[in-house]
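Take a look at the structures listed below.
In what follows, chain A forms one complex with chain B and a second complex with chain C.
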Partner chain A sequence: MMLKKTIQASLIAIGLILLLAACSNSADNVQSGGGDTRGESKELIVATGADPTSLDPRKTWSGPGYSINSHILEPLVFREIKDGKVEIVGVLAEEFENIDEYTWKFTLREGVTFHNGVPLTAESVKFTLESILDPEFNSPLSQWIKDIDEIITEGDLVLYIKTKTPTRGLIGGLAQVPIVEPGAVEELGEEFNVKPVGTGPYRIVEYKPNNSVELERFEKYWGKPGVNERIKFMIMPENAVRLAALQRGDVHIAENIPSDKIEEVKNDPNLDVYVTETLRVNMFVNNFDNDWMQQQKFREALSLAIDRELLVNNILGGNTIPASSVSPPGTIGFHDELPIYEYNPEKAKELLEEVGYDGSVIKMGAPAGRYAMDRQIGEAAAGMFEDVGVNIDLEILEFSSFVPKTDEGYYDIHYIGVADLTINPYMHWIGYYNSENSEGGYANPEVDALMEQAIQTIDDEVAIEIFKDIQEILYEEKPTLPLYYEPHMVGVRKGVRGFEPRLDEYIIVRDAYFEP
Partner chain B sequence: MQAVIVLIGASAIAFVLLRIIPGDPASLMLSENATEEEIQQMREQMGLNLPIWEQYINYIKDIVVLDFGNSINRGLPSMQLILEHLPATALLVFWAMVIAIVIAIPLGMYAAVKKNSLSDYIVSVLALIGQSVPSYWLGMMLILFIAVNLNLLPTSGYGSWSHIIMPAFTLAIYQLALIARLMRSSTLEVLNHDYIRTARAKGLPEIVVIFKHVFKNALIPTITMIGLQTGQLLGGAIITEFIFSWPGIGFLTVQSIQAQDYPMIQSLVIISAIVFVVINLLVDIAYAVIDRRIVVDS
Partner chain C sequence: MKAFLLRLSKRKTALIALAFLIIILFIALFAPMLAPMDPTEQDIARRLMPPGTVNEEGFIHWLGTDQLGRDVLSRVIYGSRVSIMVAAGAVFIGGAIGLIIGLLSGYSGKWIDSVLMRLVDMQLAFPFLLLALTMVAILGSSIMNVVLVLSVTSWISYAKVVRSSVLSVKFLEFVEATRAAGTSKLSILFRHILPHVMSPFIVVASFQVATLIIAESSLSFLGLGVPVSEPTWGAMLADGREYMTDAWWIAIFPGLMLMLVALCANLFGDGLRDILDPY
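What follows is the complex of A and B.
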């Protein structure tokens, strides 16, 4: 009797709590523009997978940081996708030209002002670049523009940038560098990390670390104004929660939908999903410190053992394409005539026999939680290697612990994803195929010479031919085993319009809006 | 004095452990394309190229003047970041504890009074389940069921009180079960004491016996547990905050570990140690309030 009463009382209490919650929740939706009632609030809400950590573009190094910053700040030039190819177009630079092989001239747009009302000048650009190059400042961006030798301003709007070597890469590197307002940097000090001042179509309202970043439209923007009055980025690190928030309508756009959830999203009548392959090549890096790895036939055997179609179709849900080159499609000089790397386990076994492989342990490493389905890919590939008779010792680590072990050469073969946002392939090639820097220890003087030549070639047509030659050699010699190009999956509520997924994995929503 | 030793010990262990585990903040900050030379340069600028003992001496020197270092990840002073994140965690822990105490104490006492009845068994089984359920799983289930399917509460985030219900409940469930079980056993123990028999023999109504004599005495071990568990909640908050995107210390901890943000993690350890020390002190004081003999004894 007593128990019955207790249960009844508990049920009533729970019911009351849920009812109260429901009431408060719907009120919430109206106030904050949440839920499905959000159309009139003119606010777009984006769920992002990580905190930007700093909004000073010179210090940002996370994907969400790049995405959020591209609404607040602008670079001289930026990537635009035209006919499936990435091109560099002027943003703050109205014109840019190559005066001689060491000098670029930039003419800035007239009438551009920062969010604090200060006009953009060549000095602002000079300040930004020099602060990044200052070793004391310790900016992760310095790697993109380290070739800069001197910056000369001429009047308010003209700027000459001289490089140390004849280089075609500077423009691509500058696309990574948003311009900041020098006065605000000085005035705000450390606060600039949370209140950046740029020239972008949106300006910062509030950055609450690990919670949200709120932006509002900058009314004096020089170009086409942003569509929404406000944009809010919600930081939701857990994949399943980001998806749940999208399903419930708490957010309009959610980045990085896990591959195994794509079908669920596609089947949801309220949701759409955008899938695109990116400029990131996911591959295995062979470590030449291992005697077996030094043999081309052994590397060939490993490559033949991998069923790339199966990885793409079964683990990644067919959301990308198997690799056919060390470069991703869209980059300049991508060799589109190379076939997808062959899968032939029988031939792999023959090659292993031919080189006299004795079953020595091959230490293999893969990260977990950094790339789409990375753990599963690592496990599946290890299984494929073992199927042809390679004795694999697989270690899967969280990314922050994994990277240093790859740097110290602990693994004989490891999995990594390398993006070339500069759209000049040699930027990501240097770390893997140039004998001075190659992570696995690959060295081929011919490749070195060709890369050197390509870097100094300004003429695109000539450079493209050289890039293709390099890809052919690497396809043959296999210092790395490209698998596929990292897919980028973005979920949106039905009714979101004007959103374009990008090859560079940025989420840019200045033209996107929600119409319920 | 003891507190100071705890703090020094905790900071030293954290310092050494961080540098023993594989990981390198410099290579994480640069992209996958960075060369070894660039990584080395970044390491030097972070002061990570120095021998570990030299790094530790520098660290202690800074701490003495209350400089806890800047977060590598964010470039802001680590203590400032912790203080910004602390209120969210305090709020969550407070409500989790309120939920746990308000439900667990009456439940535990009820189960003890009704020992070996059906309701006692139900409470015991529920308590066992509560202690066994991983908060990760529970959190996800709450989000899917209450937020997505029933559309009653927001999935995650921070702001209104509707945001706090699910994370607080997720965080509370383990403590709730633990406290209920402890309250049950300590109530049973007290019920067997002579003074309870005397009280009943005097003809006091059962309700007076329970609330006046049993409750207060059964509460003492429970209070110790509540105090210690409040410290534990900080640990539990790591997972809960991560799932519910709750911008507190736990979320900050996960993020700092992922980025191998040494100064940030070290400061977080020191703060956690301070919180533990303070909570233990409060527990000791609470004893004295409930049971005057403890002051006399000590």
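What follows is the complex of A and C.
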């Protein structure tokens, strides 16, 4: 019996060791998925970091999902990056104009057909927008277009959108709303989640959740046709797996290369890497439920404790810049005269003494696996806070477990990255600095009033000044502690041509092809 | 005791294993004196330095630095504390629960035995690590919680062994005799039966140490063990996994220690079994 016990104990031990090993073994699965496509220029394979969950663009709510959808469906207007500046240009709308304070007129392109042969009309646009606004549909996208009051069609190609208040947010918001085919939505029902029908240059072949999405060229596309016959997105959440797939040539493009691996990728004769700025600012959110956090001097001390340059130059490999504002460069009204947030641990200690900080525990939270080097940034910053004498209790969780805890206000301070794809900094500011919605509980009537004024100002010049004023106030009051702007790092095989990384982190490969 | 040591000295492997375990115990106890640096002190400008790197204060990182510039040697030394603390705590608590339930179940028989043993069967049917993971996820991460979780998931091994040992002695003449003499049940159980079940119990405990150390590391590896600020071997392995190709030292050293401690605990348990169970 004792012998049996030994065997059993050893088996348990071996089992656990194997289990530990199994966690890193997933790299082996790539081989079967990637297929042998080397040397073939007709298909392009992209490794992406997360499953899109749903390809119905009215439900998609993640970067990888947006990237995939932007090949299948098209919005009325979209962002174009010209000389580092973001501009909004018409896609399905040939023209759009602001006819009075409350009304926008859109003229649709002629001769555009959906993948099922149905022509695009003003009614399809109306249907898409109205279904998103329907509270029962409960789409997160509704916040992009919540200012819409009424949609009026005029003939097949003209559409008027009336807003509740004058707003500069509508056009930026519409860029996030791809148009769907109403007939197909009705006909397919739930299946529309995996077989979306749009007007894009590629149509869906197959979506295997947590595995891959395959697209083929749509031959009747209205514009410049896609270069590749087929595009395949491989869903690979593990950083190491994506990189290995790229190194082996199983995929041509891999997004989110960890900054510690940039050198390795650069030194590989078969690989290239693109590092771009994004519209995302990574920051700490201070929770005003905590009495210490309510004191500006305490928040100031926390900010002074963080050596942003050290984080950026070492952990992030110098691939981005330290933050100097609550919004990144590239958003409208970015205040480029504010200095980088100061690092001064001595001053931080003085301030902590001044407010009489008694060493009570500050609960801190950080996600792992969502942003570039997020886990290490969280640990490093916790160390910096502790160096000036703040008693930090750090918890690091996987992103999907982390977010609910931030929503319930569990942490006194937490780390998050927020992007405003509408380029008006307004949308993400609402979530953190508007007294009604601010996640940390920050409330300042002056900021509220300025934000309302800014969003109702259509004239760019005037709005920019207001946006700058807001940034100055937030720079002083520090309801959040911006750290740096998220860098986007995309690895490609040498021989990939026509690929342009984008400020909005979308991976758009309709013009990219591989020629070894 | 003397006879025990004499028999132990004849088993070289067990002796070496024991010596190694004692060394680890010492390292864990005197970690603050032995560790050359504060294990949580970061030096971000000197991250991922290979073993033997000298820093600007002339201090040598014998085992290199990790992804935040912390000294790997100091972290390995401090990491032993968590492993030993958790293993010892879980063996103590889990062992106590298992011993009492095993004794009760084996001696009283009847419905108590049936109920308790079905409880054991139920838990046996449930994967050990899955149960531990679920419990830590609910309770939150702290050393005490990990100890509790591992105790609750490991008591069944002791209970089964103790119960069967009790069954084998409870009908022997000397027990019958004490019972006939009118000794109370409690006294029979703890004075007369307990000493006879101690040796198998100790053997199981020594094997459990290895299992528990690995279980703790698995939990830390999966990010559900002790808090992140506490250096542990499992968490170091998880951190180092991403750097295996360019900074192997982060994962290799804690992995090596983990393997050695688990191996020695098993070898020692093996020797112990041979000594205590001469049949």
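Here is the rule we use: the second predicted complex is superposed on the first by the 475 of 516 C-alpha atoms of A that agree within 3 Å, B and C clash if a C-alpha of one lies under 4 Å from a C-alpha of the other, contacts with A are read in each partner's own complex, and residues count from 1 in each chain.
Following the convention adopted for this analysis, contacts are C-beta pairs under 8 Å (C-beta built on N, C-alpha and C of every residue); 3 or more make two chains touch, one makes a residue touch a chain.
In this text the structure is predicted, and so the values were computed from the model without any measurement.
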item	value
Which superposed partner A:E264 touches (first chain B, second chain C, both, neither)	second
Which of chain B and chain C A:D393 touches, first, second, both or neither	second
Touching partner for A:V89 - first (chain B), second (chain C), both, neither	neither
Contacts of A:A449 with chain B and chain C, given as first, second, both or neither	neither
Greater chain A contact set [chain C / chain B]	B
Which of chain B and chain C A:A240 touches, first, second, both or neither	both
Contacts of A:V361 with chain B and chain C, given as first, second, both or neither	neither
Contacts of A:A382 with chain B and chain C, given as first, second, both or neither	second
Touched partner set for A:Q143, first chain B, second chain C, both or neither	first
Chain B versus chain C as contact partner of A:I99, first or second or both or neither	neither
Residues of chain A at both interfaces, chain B in one complex, chain C in the other	2, 6, 17, 24, 240, 397-398
Complex interface listing, chain B residues touching chain A	21-24, 27-39, 41-42, 45-46, 73-77, 81, 84-85, 110, 114, 117-119, 122, 140, 143-144, 146-148, 150-162, 165, 242-245, 247-248, 251-252, 254-255, 257-260
Touching residues (chain side chain A, partner chain B) in the complex	2-3, 6, 17-18, 21-22, 24-25, 28, 32, 34, 50-51, 53-54, 56, 59, 61, 135-136, 138, 140, 143, 190, 193-194, 208-212, 234-238, 240-241, 244-245, 247-248, 250, 397-401, 403-405, 407, 416-420, 427-428, 430-431, 437
Chain A-touching residues of chain C, taken from the complex the two chains share	40-42, 44-45, 47-48, 67-68, 128-129, 141, 161, 164, 200, 203-204, 207-208, 210-211, 214-215, 217-218, 221-223, 227-229, 237, 241-243, 245-246, 262, 266, 269-270, 273, 277
Residue ranges of chain A in contact with chain C within the complex	1-2, 5-6, 9-10, 12-13, 16-17, 19-20, 23-24, 239-240, 258, 260, 264, 307, 310-311, 314-315, 368, 376, 379-380, 382-384, 386, 392-398
